[in-house]
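Below are structures written as structure tokens.
Below are two complexes that have chain A in common, paired first with chain B and then with chain C.
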Partner chain A sequence: MRFSNECKNASGNRGSWRTISSHRLREVHLDKLLEGGLREGTVTELVGGSSSGKTQVCMQVAASVAYRCRAMVGFVDTCHSFSATRLSHMLGGLVGGRDAVQRRVGAADEIGDAMKSIMHYSIFDIFPMLSFLNQLHTTLSVQVQSMEEKVMRLLIVDCASSVISPILGGIPGHALMVSMGIILKKLALENHLAVLITNHTVGGEGGHPKPALGETWKAMPSVRLLLARDFSSNLCHATVMKHTSMACNRHAAFQITRTGLRPVF
Partner chain B sequence: MDVLTLALPPSQRSKLLAAGFHTTAALVSVTPFQLSQEANITLEEATVVLKLVPRSDIDHVGALSLSGPLTGSTTAWDLLIHEKNRRKIGTGSTEVDKILGGGVLSKELTEICGVPGVGKTQFSMQLAVNVQIPAEFGGVGGHAIYIDTEGSFMMERVLQITEAVIDDLRNKSPASAEDLTVEDFLSHIYLLRVHDPVEQLAVVNTLPTLLDEHKEVRLVVFDSVTFNFRQDFEDMAGRTRLLANMAQKLMAVAENYDVAIVLVNQVTHKVTSEGSRTVPALGESWSHVCTNRLMVYWMDGQRYAHLAKSPSLPVGTAPYVITEEGVRDAQESHKRPKLVEPHG
Partner chain C sequence: MEVEEWVMGHETAQNMLRRIGPRTTGLAPLVPALQRIVNLHGRHVVEVAGASGSAKSEFLLQAAVKCLLPKQGYDGWDGGVLWFDLDGHFDVLRLVRLLQAHIHQEARRRYEEGNEEEDEMEDGEQVLETCMERFFYTRCYSSLEFISALKSSRNHLLRAQTCGKGFRILVIDSIAAFYWLDRSAPFKGGAGNPSLSLQGAMQAVVRELKELRKLSQPTGLLVMASKCNIYSSNFSDTNDWASGLRKDNRQVDSAHEKDSRRSGLQQREFMPAVWQEFITHRLLLQSKVADGTETLFSAEWLRPALLNVDEFTINDTGFMLTNR
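This part shows the complex of A and B:
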């Protein structure tokens, strides 16, 4: 059943709206918030201040997709925030079992398999980033899908504003930012990826933080989530700021634990 | 993809656009000679331009794999193995090392942030000495580059710290520590004195060359990264861009040369409707730059280090003291003398 769905996706005969597959993020409770999870063909943006949990959510999503959907995940890391150790803890939490004794036989292999399907890219500059995204687009477009190979389903860019902020204000700056937005949307739509990007906040009027990168960038993602961390209770609050088919200001909270993100009801 | 997205000097880009080459697809099937004729640029420039154009690797016969054309990719599994083998630079206090996950890690930017007088420079000097602890004693055995912007690097103090470290190592294992001398340690700290923002940016730009020449460097300390950027900047947006640029270059250096970068930051007061609170200087955008943030502060006459930001460790607090020998664990209470009022 699943294979036939993917056939339809690859040939592009059906409109992708009808054969959307969403990635289940049961652990994060964002499922309910986003009514199903991250959608293929859309760019989702996570906005939040410093240490609000953006990278934790990105890693949790990567772990979840790599393990549950058995798909390849691309993680573009522009600010040295990726920690493989932490990812392995999260995968341990997904696989189940508190310690090696309780874990079932073969769990370690499953974790290893999942980790091998998460590709990590360290890119710090805008031109290598654009070149990489374009290469990814051409490679994925011509790739012939076989039964054994894993397909890339999710692309994470953490953090998009680190590569764009230094060039804004220069002459080609704005245009380069728009180019990056275009290629991210292309990747989402034409290559059937779910794209997850993170963004910083900057001070706005009245001291309220607003997403960095300005008004033009704001129009690019289809879904925007605001993350805020409450240090006294160690909870992370996610609010929907923008969505194509859902009401805004819906809210969920989760806790960052040793084995990943846990929903708080 | 637009020709705009190629890293070209503006004059070449405008010549290409004037000749009608708007997208990279138009450049794919053009020879260097043709390009130089039509766009009115030299043959060498045309060759360079065409090298920048990404080509689909379908020309390369064989199976396409995702990691092939996308060079520079490693899997999370490779990173995990690498992370497990990473060496850490001790801070001198085992409690602080514990909250940092063993010490200051390479390939990461660690920020130390605190009020004046709490011990940031002491930490920096201690790290510059501790990075040289040989591998037999569990250290990294590398050299250090110390970039001093405030003039707070005191040679006599580093001498004291080095002597104390060598004494400690000699107590642990006299045989292996025999050929460690103070001169060796001091000669492996490369000191750079920076006086203004331009010099600071120049130093950051030339760090790759420096690190190429001195391949044993495993630590770069910036004390402090804030000082030159706090005054004389009318254009705050420009300042933020310069800082973001500097941060990017530092991250690339940390990644490519496998060094640990320690940035010392000052604090400032932020006045909001609820009152004022102490926040790290250089603004909200700078907070996103560091991988780990260590806030150091006073409380009840005792110094504390608090890990506020880390991708893999929970937040934690540890007390420490500054003695004659350097940064050490707080065994008994070392109260600050009551002669001076503690900073608020």
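This part shows the complex of A and C:
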């Protein structure tokens, strides 16, 4: 995944907005769709019905960032959908070689290093989630960056809606949802993370599915991607539904294979 | 004699208009496509309402860009912009891209008129630098932070005025960002007991904005705020608890309900009365179903109530009307 670093300070002084560097890694399908991949400081939401490939995309993004960017990845799993075996297959696909025999020497170490930089957290309730996010914000803010240590660049919350929908209803529920949104944005902007969250869909007007969690949550992420699975051709279609600085309705398709996601043109 | 002096007065109305006029009237419209009739200047407060993804932040960004650009050649307001980002959706790269698009357009126009080309590059860079220097950005994560940021921008405003380039626009991106947080705060009530409930927070915000506007005399400070919908516009697919809330909510203003019913949409007004009385202009933006890759947006002025609805698309140089 390609990252673009942007620095701006609060008083908007001249000079700081010029230091925009982008780390260009590999042209994966999502990079082309999002004109550069996931940006630091933004919250990207993946919306899709069940079994539309959301968790697969999350794991592929985690594998790609951990291997290519040499960065730490935080994976918050709220619905027991994370699989270390699948992640190792995806990393194997990124490292290269069809099986263990063809892989070059040291590839297993590389896969091991990448796996070690993906931190997995199982959180199933809103209050532990809020306290975890706040704690992560404090830890990352006081962290002294050294050259050898890897720094966290990506946070994935797989199925943010499964911790929010049980408590949604009435004013306190909405307030908790908004506080979770605010802490995710704070993590993205102040700790320079790219945040990727998933959401499921509910029925909307005219039978078209719409993102769950209501109107207030719709305004929270900066970018929204809609995933739909076509079971007859085993393809996954991604469409840009919302973007703060780009035109919408761009479309890409990819296939879920044994070693990860492959773009289809 | 004193009586004669008192009768004659200090200056005639014509002199006063000549003194103040050029600074408040005769200003170019900020977003020309949508401002064919409505003219905005320093004593107005504009609220841009709409659902998520209906180009509200884009509207504010275009207005800010027009305000930053100099008067010479770009027809801008040549003033500073105070941007309060309560939503976290601001993109500095987009701001730079918009400024560069305007500068290139102007450079191309000047080249076509046959002027020299060598100064264009440095000139453009210089213009970009001066524009970015006048843009001040603050990010807030709660109502308390927002109110304290407003208070601390008083000094900033005064300092900028003494330097010559005062602030002309104050932008609040999503005034309703902390709506649910403020509503869930316990309301202690009482006149002498300020609380951080929704009413208290909004009262404090309006007070600070009025104070800032008073400090920016005589040019005034145009306040532009975007407001995202909290409740979905189609009431048929909300749950039962929403209708229960509607009975409890006594903040709905009948004038605004009449406005929204005329526009054909049920846009429920949820901001407290103190904010509704503060605003002088309301603009409603909507995004239509896209055909292909072009998204069509529509704009309607609710206050002043104009009956026509404009349709437009967005590109880097501004809003392009499609129905004219």
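Everything below uses one rule, namely that the second predicted complex is superposed on the first by the 235 of 265 C-alpha atoms of A that agree within 3 Å, B and C clash if a C-alpha of one lies under 4 Å from a C-alpha of the other, contacts with A are read in each partner's own complex, and residues count from 1 in each chain.
Quick note on the criterion: a contact is a pair of C-beta atoms (placed from the backbone, for glycine too) under 8 Å apart; a residue touches a chain by one contact, two chains touch by 3 or more.
Keep in mind that this is a model prediction, so the values were computed, not measured.
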{"item": "Touching partner for A:185 - first (chain B), second (chain C), both, neither", "value": "second"}
{"item": "Touching partner for A:201 - first (chain B), second (chain C), both, neither", "value": "first"}
{"item": "Contacts of A:143 with chain B and chain C, given as first, second, both or neither", "value": "first"}
{"item": "Partner chain(s) touched by A:80 [first = chain B, second = chain C, both, neither]", "value": "first"}
{"item": "Contact breadth on chain A, by residue count: chain C or chain B", "value": "B"}
{"item": "Partner chain in contact with A:169 - chain B first, chain C second, else both or neither", "value": "both"}
{"item": "Which superposed partner A:44 touches (first chain B, second chain C, both, neither)", "value": "neither"}
{"item": "Which superposed partner A:52 touches (first chain B, second chain C, both, neither)", "value": "neither"}
{"item": "Which of chain B and chain C A:60 touches, first, second, both or neither", "value": "neither"}
{"item": "Doubly contacted residues of chain A, that is, touched by chain B and again by chain C", "value": "169, 171-172, 175, 179, 203"}
{"item": "Chain C residues touching chain A - in the complex, by the definition given at the top", "value": "51-53, 57, 87-89, 91-94, 96-97, 129, 132-133, 135-139, 141-142, 174, 178-181, 183-184, 228-232, 234, 236-237, 239, 241, 245, 290, 292-295"}
{"item": "Residues of chain A that touch chain B when the two form their complex", "value": "49-51, 55-56, 59, 62, 72, 75, 78-88, 112, 115-125, 127, 130-132, 134-136, 138-139, 142-144, 152, 159, 161-163, 165-166, 168-169, 171-172, 175-176, 179, 183, 200-203, 207, 209, 212, 231, 258"}
{"item": "List of chain A residues in touch with chain C within their complex", "value": "6, 8, 10-14, 17, 20, 43, 169-172, 174-175, 177-179, 182, 185-186, 188-189, 203-205, 214-216, 218-219, 222, 241-242, 244-245, 247-250"}
{"item": "Complex contact set, residues of chain B against chain A", "value": "1-2, 4-7, 10, 24, 54, 56-58, 64, 66-67, 69-70, 72-80, 82-84, 107-109, 237-238, 240-241, 244-245, 247-249, 251-252, 254-255, 272-273, 283-285, 287-289, 291, 293, 308-309, 311-312, 314-315"}
